[in-house]
Every structure is written in structure tokens, then in C-alpha cells.
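Each structure below appears as C-alpha cells.
Next, two complexes with subunit A in common: one pairs it with subunit B, the other with subunit C.
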Partner chain A sequence: MAMAHARIRLIVAAIGFLIVAALAAAPAAAQQPNSVNPTASAVKEQQLLQQNYRIQGLGSIPDVKSYVIEQPMGRTWRLFHEVWLHWFGAIILLGVIAVLLVFYLVRGVIRIEGGRSGRMIPRFNSLERVTHWMTAVSFVILGVTGLNITFGKDLLLPLIGPDAFSRWSIMAKYAHNYSSFPFVLGVVVIFVMWVKEAIFTAVDIRWFIEGGGMFGHKHPAAWKLNGGQKVQFWSAVLGTIGVAGSGLFLLFPFYFTDIYGMQIAQMIHALIAMLFVGLIFAHIYIGSLGIEGGFEGMASGEVDLNWAKQHHSLWLEQELGQGRAAAPPAGATTRPAS
Partner chain B sequence: MARMKFLCDADRCIECNACVTACKNENEVPWGINRRRVVTIDDGKPGERSVSMACMHCTDAPCAAVCPVNCFYTTADGVVLHSKDLCIGCGYCFYACPFGAPQYPRVGNFGSRGKMDKCTYCTGGPEADNSAIQYEKYGANRLAQGKLPMCAEMCSTKSLLAGDGDIIAEIYKDRVAKRGYGSGAWGWQTAYRETVAT
Partner chain C sequence: MRAFLLACIATIVIGAVGYFTLDAMQQPSGVAYATDGARIDPSWSWRATAARPCEPRHVWQWFFVDLRRPRGEPDICSVSQ
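Take a look at the complex of A and B:
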């Protein structure tokens, strides 16, 4: 009997040992890398980048924009800012300057036909002039400081060195941000003041067909603003909407949009700004050097009668009809001074 | 010459944020500036992965390229640093950075940005190594003492690796071979134009 019990215990112990040995061996088998792959259900970096142009998750800090861990779009934006914008800006700005230079050399200054009569008529009142100059000075500050961001390190930094350039650029950044407000205010007032004068009419079609008096020697009629000035007006207003709108996004970064939106805003801002500066180059030329007798209209507010007859004949008639200036002596405007 | 890089093993990261805490402490990073952060993708779903992200110290760094005042420089070890004296706080480096590394203190009205701050690979800045002024501006300079960045040293699972790029790529490769899986070196293609073949 005891012998049978001992044998059963022996067998049970042997089986138990075998079971334990098998269990111990099993985990060793599971260490072979042919079972579940935890990465299989996980997202892959390349897959995420292909689905959405960036990788975004969840973080634990209040800074929501930090939840984007990879946005390769930044590389494209770098290419835009360092290469495409440089080319675009250079072509626009140098191109406009070149065209103006050629125009000046070929056409010369557009003189007052028949010479000055010596009699003046008011053209722009104080509000118009103050608003224009406030806007103009703001624009020049904005333009110079803005171009500094794009071209400064290539053109100015080698001349004055990194410390001086950095100090200048810091002031330029603040000047740019603060000048944007008087500029936008000025454009709003300009819009309100001149929008009625700036609506295009059939007179302007004639004006453009006759080359605006700049090409050829016709003297197309015009009201207070001629066709070219109306183009300037609407370009400036639309341009301001563009730069100020995108500028608002840049002034309050990430308040309204995410990194992608900020990059788009900066690109819009830069492209429109380059075109705007080119436009203003032409505006400054034609308003100062390009046309004799033009600048004083915006400086003193008064223009010569012969100038008005040549450039804004319909406006002159209207003003004279309302008794705003004495009529010129008979015959003085049609015969050249001798 | 060593070429320093970061590699975050997303399959090991447990989102403990020890790297974040270590960085903030070692560099006395002010409140609101997040040099390093941990982001979780597919949180709560199968295949959830966490990645610790800071400056990757890219080859041909886009931040350096777009800076209007050229305040960036790359050290011989491949670490991308910048000068806070020259920085004008324009924010362009953040637009260009694929990883969102640059941080700016809020110093003024509107969204006015102060001097940019970012992960320095615990290498300080242009001032003299281990000087008080360097520590004040840029944080610890561990590399000058022959040490590696604090974030990687403190990582509880050794998922965040820092050091010479070849060495950490090798470590990661061995890891993936041994355990049989790996989601790759996140960010390496974008930062260094190379991948770790596993």
C-alpha cells in the first residue's frame, strides 16, 4: 500500500515538474518576434504627414499651438520667404524704377501747356492734404521698415554690422507695427473723402484711350480725379485691405488662426506689400517730378489755372461755374506766353 | 567630430514629462516658455504614441535661413544656437521651424514678442562658456562640461536619446531589432534629411 502511494506521488511529482518546466519554457518561446507587433496599429510619421500636411496631437500645457509636433510646410514657407519673395520683390521694385526711368528719359517732364498763367485755384483742402501726408509718411515708414525684413540682411547688414543692424531692426519692427494704425486711418478717411470722385465713368474710358496725356500729346478731359488717379485710388484701397487684413493676423499672432494660417497671412502681406510699394513709386514720380505743377496741389492746396485746364478740364469748369476762382483773363490760357 | 541629434523612441515614451521638468529646472526656463513638450497622438485609442519634442538642431536649419538679422549659428557639433542680443523677436523662425521649437515671451502690447528662446541642447549661447551671463540668458551649458542634455539624461524609460547621431541611431536600431518593432525616428527625415533604417 505504501509502495503504491509512493509511486503515485512520484508520478504526480514528475507530471507537476513537467508542467512547470513547460510553463517556464513557454515565455521563452513568446520572446521570439513573431507575435503581436504593437507598432502595427500605431500611426506612422509618413502616413500622418501624407494625410494632413502636419502632425498634431494632444499636449498637457495651455499653449495649444505646441500640440503640432511637425509641420514640414515651414520648409516651403522658408523657400517662399528666402527665394521667391526676393525675386518677386526685386523684379517688381527694380522693374517699376526702370520703367519710370525710361519714361522720364523718353517722355520727359510733362510741362504745363502754354506755361503758367500765374493764377491759382484751390484744389485740395486742409483735411485732404493733412490726411494725404499723414498716410504718405506712414506708408514710407511702413515700406522702408517692411523691406528691411526681406532685404535688410542682404543690403544693409554688411554695411553697418550685426549690432547696429539689430538695433535698427528692433526700432523698425516697432515703427512698422505702430505706423500701421495712422496709415489705415488715413486710407479710411481718404476713401470717405474721395470715393464719389473715384467712380469710373465714360470720361475715363476716353482718358485711357487717349493715353492719359502721358503717351501722345492729347489732352483728355477729366473731373477732379482722372482715370489714372482712380486706378491709384482703388489699388491703394484694395491694397490696404490686403496688407492691413493680413497685418492684423500678424500683429496678433495665433489669436485668430494656427501656424498654417499665419504662414498664409505673412505670404499675402509680403506679396501685396511689394506690389503696393511699386505702385507708390509710380505715384510719387508722377506727383512730384513727372508732372509740372502737380505737386503744389497737394502741398499748398492750390494749382495753376493752366495746369487745371490741361489735366482736369471738367473739374475746372465745375469749380469756375461755382465761382471758386476768378475766370482767367480772356485768351491767356490758349496762347503760349511770349 | 560628433554631430549631436535627438531621437525620441515613440514606442517607449510614457508621457511622464520628466524631460520637460528636467529642462525647465536645469535651464531656469521662465513660466510660459516651453522649450520641450510631450505631445500624444491618438490619445486614448489603440496605437497611442507619445513624442517628446524640442529643437531638433536641423541640418540646414530653416530658422537660421529666415532670420532677418542672421542671429543664428551652428556649432561644430551641429548644435543650432542663436544670439538673444541680435534677436529682434519678429517670430519668423517659428513660422519656418517644422517642430515649433522657438518660444517668445510676451513683453508688450499686441502680440509683441520678446527675444526668442529655445532648446539649446544644453549648450548655452555666444557668451563665454559656463559664465553667469550665459546661464542667465540661455540656461545650462552641459556640453561644455562634457555632459549630455538634461532631458535625455532624465528620461525615465530612455526613450529620449541624445548624443552623436550615429551612436543614437545605432542604439535605436539595436533596440528595434531586439524587440521586433519600432515606429521610426520621428522627425529625422524633416530635420536631418535621413532616416534610421530598421
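Take a look at the complex of A and C:
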């Protein structure tokens, strides 16, 4: 009996201890953070935004683009346009300029070996030159006005002030739109004129293996367009398809796609355009400062025979076989083509 | 040089063609980027309403849902935003 009483007392004491412990713990539990997260709704919205590229509701008006309530891609696009594109563009453009500068300092101007022969040979006809320069002029306008969109706010605005920058940017925007027409037309004509010459052959592989004659004194054989010019040609054609295609989405907002598609189009447009400008920097260098006599082909349409022999030997043989080399100009110091 | 000058002229001429083409096909950016249902008619303003007083409606008109417009009353009194 006493044993039973003792057990009952033990159980009562244990229960009493648990009650006291529970009461003592209650205030402490009350001080713990609420299990309901007050920002839960925001978290859910954020999760929703991560899962969907936009939140779209239903509407009763005909304009469906008004149904989009939130589009977080807009923030990503702004980050791209305001930060990433600046870095990308600066690295590409300054990088190309730096490489060209180093190349110029190390290699210098690639001279015509043996000097000028004084005999000229027609290289580009009038249509080719006019088309090239039309494309070039419109590209320069496109490049300057396009770079203004990316870098103008940082570089030009502090120099000329908001009023002048605003006026210039409005003009630049229109010039960008309108000069796209001669540029695209020029590339189309260039494509038609030179596509047969621009198909890669085994000769070009050899040209690339030998570094295109840029290093040392080897002069790999080439037809009218060498391997580097063919790379330039196809890059320009594909680049134009990219910028013109994406540019259409920007010229005609909401005609073909929604805001998400336009943001993607602007990113593609800007990235290709930066690479394109870098490519043209190299093209300008090689065609003017880098190679002696290279500019003449596009300026007068004729090149020196020794220049042609050095850079486009197969083409020269073909042209000479057809009797196209002209007589030396009057008063020229004639040296035989070696 | 002649090829370059011709190229500049061609750029200007084709650019002008681009101008007329875009002028005919593009919408103004204020229209292209706006939402149709929420676009504000710039010719409408409260000040215009105040400048040309509208005839107040009678209670019985509201009661019988009589939305007729008094003769000669300007449109701006009935068409709101």
C-alpha cells in the first residue's frame, strides 16, 4: 500500500513538475519569433517572378500588352544595358584598338617588298567602290550614333551638357534609323558581287596556316579575296543579318513581338553591333595604315603590280593571263615587277 | 574621290527613301509604346469643361436613367475620361 502511495506521489510530483516547467517556459516561448513570416507574400511573389518571366493578368481592353503586370526581365535588361553592355563594349573596342596598336608597334607598316613597280592593275570597278564607300559611310553613321546610345550618357553628356546632348541624341537616333537603309542595301549588293570570290578553298587554309603574311616575310598565295578578307566578308554578311533582323524589332515596336522579345532583340542588336565595330576597326587599320598600297584599291580602283603579287598572287596571275595590267602611268619611275 | 562622293550622295538619297518609308510605316513612339485603353485624349481637360458650362442634370433624369443630352450641349459634358 505504502508502495502504491509512493508511486502515486511520484506521478503527481512528475506531473506537477511538468506543469511548472510548461508555465515557466510559456513566456519564453512567447518571446520567440512568430512562426508566420510577415514577408511571406513578398517571398511568394518573388518565387513567382523567378518561375515565370512575367506576371500577366486578364483584361477587357483590346490592347493585350496592358495585361502584363510585372516583368522582371525588364530589370535584367536594364542591368544589361546600363552595366554589362558598357563593360562588354569597352573591352571589345579598347581591346581591338590595343591589339592593333601593339601590332603596329611590333610589325609596323607592311611595305611593298621590292617597292612599287609603277604598273597598275585594276582591282575594284566603280560599282564595287561606290557600294563599298556607301556601306562604309552609313556604317560610320550607324556606329557613331549607336555607340552614343551606349556610351553617350557617360562620355558625351558631361562634356556638352544636357540640352546639346538631348538634341544630338534625337538627331542621332533618326540618323541611325535612316542610314540603316543604305547600309543594308550596300551589304546586299556586296554579297551579290563578291559571294563567288568569298567561298573558302584549300588556298585559304594555307593562307591561315602561314598567318596571312602578317608575321615574317612569307606571302601566302591568294585569289582576289584572301582568307582574312573572306572572314571579314562573311562576318559582315552574318553581322548585318543579325543587326538588321534585330533592328527591325526595334524599328517597329510590338509589330512582331512583345516587350520581352524586344528586350532580347535589343541585346542581340547591341552585342553584334559591338563586335561588328571591333571588326571594322581591324578592317580600317589593315586597309589603310597597316598595309602599304592597300587603300589604293578602294580609292582609285587600281593597285600596284608588286602589291598584287605580294598579297594576291593567284588573282594577279589570272588577271595578267587576261591581259588586264595597265601600262605605267606617265612620269612614273618604272621598276620591273619582281 | 569620285566614287566616295557618289557613295555619299547615294547614302543621302537612300537614307531619304528610308525616311519616307519609315514615316509611312512607323507609329509615333507615343502611340507604339502606349496602352490603348489608358491613353489620355490630350484635347480633353477639366479646365475645358469649366470654361464651357454644362447643363446640370435633374434628379428625375438620373432616377429614370435618362442619359439624353440637352440640345446644343457640347460633347465634352457627356464624354468623360
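Assume the second predicted complex is superposed on the first by the 272 of 338 C-alpha atoms of A that agree within 3 Å, B and C clash if a C-alpha of one lies under 4 Å from a C-alpha of the other, contacts with A are read in each partner's own complex, and residues count from 1 in each chain.
Definition applied: a contact is a pair of C-beta atoms (placed from the backbone, for glycine too) under 8 Å apart; a residue touches a chain by one contact, two chains touch by 3 or more.
This one's a predicted model, so the numbers in the text were calculated from it and none came from an experiment.
When the two structures are aligned on the shared chain, A:G59 is found in touch with subunit B and with subunit C. Using the contact criterion defined above for the overlaid structures, shared-chain residue A:P162 touches subunit B, although it does not reach subunit C. When the shared chain is aligned, subunit B and subunit C each come close enough to touch A:N177. Looking at the shared chain after the overlay, A:H219 reaches neither subunit B nor subunit C. In the superposition on chain A, contact is made by A:Q266 with subunit B only, not with subunit C. Once the two complexes are laid over each other on the shared chain, residue contacts for A:E82 go to subunit B alone; subunit C is not touched.
Within the superposed three-chain model, A:F252 lies in touch with subunit B and with subunit C [touch as defined at top].
For subunit A, the partner with contacts to more residues, out of subunit B and subunit C, is B. Contacts of subunit A with subunit B, set against its contacts with subunit C after fitting on chain A, overlap at residues 59, 61, 63, 65-66, 177, 251-254. Chain contact summary for the complex, subunit C toward subunit A: residues 1, 3-4, 6-8, 10-11, 14-19, 21-22, 25-27, 29, 32-33, 35-38. Within the complex formed with subunit A, the residues of subunit B that make contact are 10-11, 17, 32, 34, 37-43, 46-51, 53, 62, 65-71, 85-92, 94-100, 110-113, 179-184, 186-187, 189-190. In the complex of the two chains, the subunit A residues touching subunit C come out as 59, 61-63, 65-66, 126, 129-134, 136-138, 141, 174-175, 177-182, 185, 251-254, 299, 301.
By the touch criterion stated above, subunit A contacts subunit B in their complex at residues 33-34, 37-46, 48, 55-61, 63, 65-75, 77-78, 81-82, 148-150, 152-153, 157, 162-163, 165-166, 169-170, 173, 177, 251-255, 259, 262-263, 266.
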